[in-house]
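In what comes next, subunit A is part of two complexes: it sits with subunit B in the first one and with subunit C in the second one.
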Partner chain A sequence: MTDGVAPPGNERPEGEPGWYSRVTGVGSSIRQATVIPALALVSALIIGAFIIAVTDVDTIRIWGDDPGEAFRLTFSGIADAYKALFVGSFGSIRAITETLYAATPLIFAGLAVAVGFQAGLFNIGANGQMHIGGMAALWVGFSISVPAFVHIPVALMAAIVAGAIWGGIAGLLKARTGAHEVITTIMLNFIALYLVDYWLKSSVFQQPGRNDPISQPAAESAQFPTLIGNYRLNIGFLLALAAVWFVWWLMYRSTVGYEFRAVGANPSGGKYAGMSVAWIYVSVMAVSGGLGGLAGANQILGLEPYRGLSNFAGTIGFDAIALALLGRSHPIGVLLAGLLFGALRSGGREMQGAAGIPIDLVLVVQALIIVFIAAPALVRAIYRIKAPDQDGGTTVSTGWGT
Partner chain B sequence: MTANAPTVTAEVKTRATPEERRATAIGVILVLLGAFVFWIFGLGVESGARSNFNLSLPGERFENLRWEVSSQWLAFIVAATLAFLGGFVLRRSQVKRTNLALAIGLSLFVLAFLTWAAADGSFSLVGMLRSSVLLSVPVTLGALSGLMCERVAVINIAIEGQLLTAAFVGTIMGSAWGIWAGLIGAMLTGALLGAVLAVLAIRYRIDQIIAGVVINIFALGLTSFLARRVLSEAQELNSPGRFPSIKIPVLGDIPVVGSLLFNHNMFVYVTFLLVIALHFGLFYTRWGLRSRSVGEHPKAADTVGIDVYRIRYRNVIYGGLIAGFGGAFLTLAQVSRFEENLTAGIGFIGLAAMIFGRWMPLGALGAGLVFGFARALQQKLGILGTPIPSEFLSMTPYIVTIIVVAGVVGRARPPAADGQPYIKD
Partner chain C sequence: MRLELKGITKQFPGVLANDDVHLSVGEGEIVALLGENGAGKTTLMNILYGLYTPTSGEVLIDDEPLELHSPSDAIAAGIGMVHQHFMLVPVFTVAENVILGDEPAKRAGWLDKQRARKTVRDISSRYKLDVDPDAVIEDLPVGIQQRVEIIKVLEREARFVVFDEPTSVLTPTEVEGFFNIVNGLKNDGKGIIFISHKLGEALEIADRIVIMRRGRTVAEVLPADVDEEKLAELMVGRPVDLRVHKEEATPGDVVLSVEHLVVLDDRHQRAVDGLSLEVRAGEIVGIAGVQGNGQTELVESLTGMRPSLGGIVRLNGEDITTNSPRSIHKRNVAHVPEDRQKSGLVLSFTVTENIVLDSYYEAPVSRGILMNWSAAEERALRLVEEYDVRTPSVDVAVSTLSGGNQQKVIVAREFDRDVALVIASQPTRGIDVGSIEYIHSRIVEERDNNAAVLIVSSELDEITALSDRILVMYDGKIAGEFDPSASTTEIGLAMLGSQGEAGAM
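Our next item is the complex of A and B:
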């Protein structure tokens, strides 16, 4: 529905804010923008605790014989897990640097998705853009030898350009043919995944003497220098902060960003105001892809072993969707949400190591957070909060329609 | 909509132009393919080389059926046919036959390619086609699941998560109480996730794509978590056994066709029957008419007294049942063991097959077979040692889908109300 004409049966009642303000929180107070996310987090952690309890095989076996002891064990199990989660994310200087470190790629990728949301585009393709951007950064990283202050910027530029092209393909397809960006970005994700596998085994990238898909490492001058002592936290985090500022400036202080948001709020309105909607689709996806490319560069140049590996983007491209929703697509919100998810990841590793709870629980918690964020009515129903002025959930996309 | 708007008033002549241009492009592509076949597959092999295709599997009633052909001559014949097809499309510029010509051309191209790959060697053609059929089953079922939902305007990109969770539950229940219990458990799991999707999309009107993404992340997280925490402790819960192959009497003994279609496990037969049943159901029954009307124009459906919400809930849950059946196939027939992220994108290939098959059950089957063939071919190429990287074959479903949604080879049109929540006045 590129022209935004509401199809029959989908007229929105007068005065009800559209998905844009629901997702971005624009027009709602700080309190409204924080209460639901906070309750979503709490609810998700409670359900996570429940999952820990019911999967504790050893304790479940005791329930029949000694319910008191089993009860105690269940609660100490949950307490241990969440204590490790907290200690691993905020308990020490090292833990805090690990949280910031884990947050870095999430912030980049979250910004990528957020820019798309603000312009009414659903970029599921952060994963593919990360792969393509990361490989571009890696290629620059090992094929030229220049001092670090030149090498890193050039590698990052390569990542931005490559990611922007990959994202731009989806934008161009939407603008020219009406192909829905959700479908094209999902497909481009897989194409990128296999391209990376192919490149990793090609003579250009592959580590000499190896048969498995692993690349040569980026030169030392292209690796992100660390910030403090021997902690892993590196300049990638500062770059992420810069990206947050840039996106804020772009979306709220520049003409281009205004057009992005205008088209996101109402494509036909944008069109009648003289904006080229087609061009905006391409540029939004390019900006989004460029940010995704940076996330990919961070996974190569900021992460040991500084090599390309199969599926090096992991689930970050999908976590980014959760992040953008949680942060209401505002750059500051994405930053905070990124820090939270970074804490979950770094704490999750501690939880896995110290309490023996697989880190995959973090994925479950993240998924639950998105459900509660995307369906505020659900949280309100659980906590019996009165709906302020709206109900129902988010509608970001309107079908595959052409 | 923007692209279609002017065509309503424009004359028929002007509308035909882009399609004629497309026909011309396809004609040129066919001729180029012909030249490629002539050059690479024809002149690229020694003139005496022969390709040997095995048409039977070991242990069959008619063993040692084979088809031997001169590699070069076959390539020349294919090249000539391709050139003829290209000329046909170019001369007639007839839109209706273009896709047919393209399909025939591409199949011939694949045949020439296989002959070239098997030059001076033998190649188990039936073996590969048989594994294409097997590999197509989860893809087709995933596509059918997506189709059930999208025909009533609920986008289901949670197919991957449904398959994965169903495969997991099928493994555990199958190991504990036998394969039939596993099958039922898997299907109910799929239905449960379908119900979750339905509640999120219909009751809470969450963006359906977000709902799908959530279910996928949740499924991956939960199954990986449980696999590590429970399955690693209790290995005995991770060996469910398999559904056996059932050879259909008489039909199973027909050469070639028998081993392709009539000597499989129950899942394959049910999938074929399901495709036929859904095709009949969607287009020839009251249920199908109602479902399609809810997907195309819910308000009109509501006006004539169809309960839009009820039909949506019901079909999305049916879709979940089908995906659950597909998940069961993965761990109760294909392999008999669950591993983390076992599906690895099959659900998304199913989504692709649904689009490639244009939201039709028969199309889903066709697309599933094409994508299954691509995967089987990819596995075989490694053995044959051709210089073509398998990664490019793995990309086929995704590239094809982009081409289809971009309207390069015919336009795929989703149900009109797809993805839009219905708000009853």
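Our next item is the complex of A and C:
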């Protein structure tokens, strides 16, 4: 009775993590997990079209004199922009490789955030975990000299361990003191950001003869080899695919992932079942941080100039949050969302060049997607689709007998 | 003046929650609406209160159809509702809560607290509710909080009052006080709908009893014409045996022994305060008591979920006072937790995933770090069959099951072992009669297999029906031991403590 949408026969629907599940997608069915993101994308592109229309000042001027012509111009402007966006992302082999290339770090970082979501933790710290993991990979990258087939795995291992420690700190703080991971990971981001600047100016990292924060380059044997011809796409993408598979296996096929998901969905249920909730918080954040570390390694070893620069993680660690939400926290979803965001990036450059639409539009579209994902009721209202299972759809035989 | 629900049908996707339901209540009349969980009572009341729009049918007052689109429409029409879960702001005073949402204002928007206090005092004295307008809600016992809810409804000048499972949170004595209040409302000409699944209460208080089953009103009877057995039969749809069948217990060795246990609650108060008890193999010991006297903390401590401050807990002679939930579980202790949705299940998980919730780390469900989902599913299929869990498949989320079936999932999971000790807290709270019967028989079966059984329940009927020995818990201690044949009054008095300080209610 307390809940306006109480399904019949379910005495206490508020026991379900409704809001959390709706936003992060954890525990949603495949249908739920695909419909809303798809419609969110469509809605965002439509609003993006409006933005293109209203910012085209030249065309707006002639609406009064010649509405027909203005309409044609507006429409062709939008069409040109979106055509360029598509051509730039999928129109050629080059475009496709650029899309995959741009998607690579996003997939790693998106997985980092998604693993946290699955276990009920809001890891805002992918940015810091990238910085720390990337620096570890960089250090291994220039300080040892071994063949590539040893060098790359060792550098990646270092990135994973460093990222895991950085993430694990937030987990440990939560487990031991109850400090909220959102606060601690944000603060750890700042610490990592300025630690990187500090290290880049230290004799260990800094490029000899330079005064600005720039590191020595990673040795060639540590740089990710490219995959096809002279396109930038490199083995980082294959590693990202492997990470997708690993996260899927971990979450759905291992006891550890089962614990992660159980504690994420219901911590007191996990405790009742004999799981160590504190230990799980630490391990989740370590796994999450390890994946963040890989994203960081990719930014050093998979990207020219293969050097550490100030804030080399950029906004990827934060885009990753959006990406995990769009991918409904499922590894496959993260992969698809990563490809979408990668496509928006590589296509956005084409759009800027060919159609003269600033690449910032892409960021607006990205942000709009997340707004729609976070407010699924809005999408449902626009497209008049029914809320799944919430108004009591699937209550099964509540009585007994017969 | 007459309130009437006429031909109400409510179709949810996949579920016909109400099917041509008829219900009416007149001035100065008490109608009990009886039905199992899931029979459609709540849906019907949500329609009456404007939370749902019926698929067809109408709500009438004196043959005038009402347009109910929100609770404020219902309130305006003179319909008030006292919910099962109170909707009070704990840190506000009684007066502040009563005016919430309908604040009397002086000029320039100043809140007229004086008038609010007066309103509360007036209503309180008129209906002999004995509520202090300045008391803070969180300091009040549940019975008084309920009266605040009643005052809220009366302050909004309700002519019809709906009570949703009002007695589920009250002690036997409080129930008596509550019935006096309801009769007072009746004598004042209010029409009352009393929703319940407790047969005895319906017989005692109602002028007329309407029974719902599977979304339909299946019978309307006068209390004088029926007895509990008959009501249960109408509710469930077949003859029901309300007694628990069991042989005389043959207690064996002491399995669980608790000595001077002290446990703190979340507010660092001594919830369990030097409690001692013993449970032997082959007996069922029931702990009766008003909720909030330390039962929750006792069970949490015995099962390793809450650390104790002092005392010793022994299982078959072994000290398990500081053991973890898992190590206690491994010693063949079955734990049916108080709140199945909060701790007993992961609602978004499937039946299979819930079946292995506390054994996922053992073969054959896993090897090392690798889950063996086919073994897990095999077990789930077997237990669903064995424990009569009604579910379309083991792959659906357990949240889609009814309360009774959710509870069976837990019982199946916990009893599917060679159980030495059963600790069951509120094992049948909020579930249907059929499931209650079934779970009771399973518990007795465990006892007959020589397990020691500790039952904690706030339903005295359940305790007396199941137990071989009854302990009453009051203020963190055992306040008395009774034979199941002892009278309810006797046990009820012990539940209030020797001082009887709560007797004022």
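Definition applied: the second predicted complex is superposed on the first by the 347 of 402 C-alpha atoms of A that agree within 3 Å, B and C clash if a C-alpha of one lies under 4 Å from a C-alpha of the other, contacts with A are read in each partner's own complex, and residues count from 1 in each chain.
We adopt the following convention: contacts are C-beta pairs under 8 Å (C-beta built on N, C-alpha and C of every residue); 3 or more make two chains touch, one makes a residue touch a chain.
Keep in mind the model is a prediction, meaning the values are calculated, not measured.
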Subunit C versus subunit B, contacts on subunit A by residue: B
Shared subunit A surface residues [contacts with subunit B and with subunit C]: 1-2, 7-10, 392-402
For the subunit C and subunit A complex, residues of the former touching the latter: 12-15, 17, 36-40, 42-43, 45-46, 51, 81, 83-85, 87, 164, 213-215, 236-238, 303, 305, 324-326, 329, 335, 337, 341-349, 353, 357-358, 360-361, 366, 368-371, 373, 390-392, 396-397, 399-405, 430, 432, 434-435
Residues on subunit A engaged by subunit C in the complex (per definition of touch): 1-2, 4, 6-13, 15-17, 21, 26-27, 253-256, 258-259, 261-262, 265-266, 268-276, 386, 389, 391-402
Contacting residues of subunit B [partner subunit A, same complex]: 1-5, 153, 155, 157, 200, 204-211, 213-218, 220-222, 224-226, 228-230, 233-234, 297-300, 302, 345, 348, 351-352, 355, 389, 391-392, 394-395, 398-399, 401-402, 405-408, 411, 413-414, 416-423
Complex contact set, residues of subunit A against subunit B: 1-3, 5, 7-10, 19, 51, 55, 57, 122, 124, 173, 176-180, 182-184, 186-188, 190-191, 194-195, 197-198, 201, 315, 318-319, 321-322, 325, 357-358, 360-368, 370-371, 374-375, 377-378, 392-402
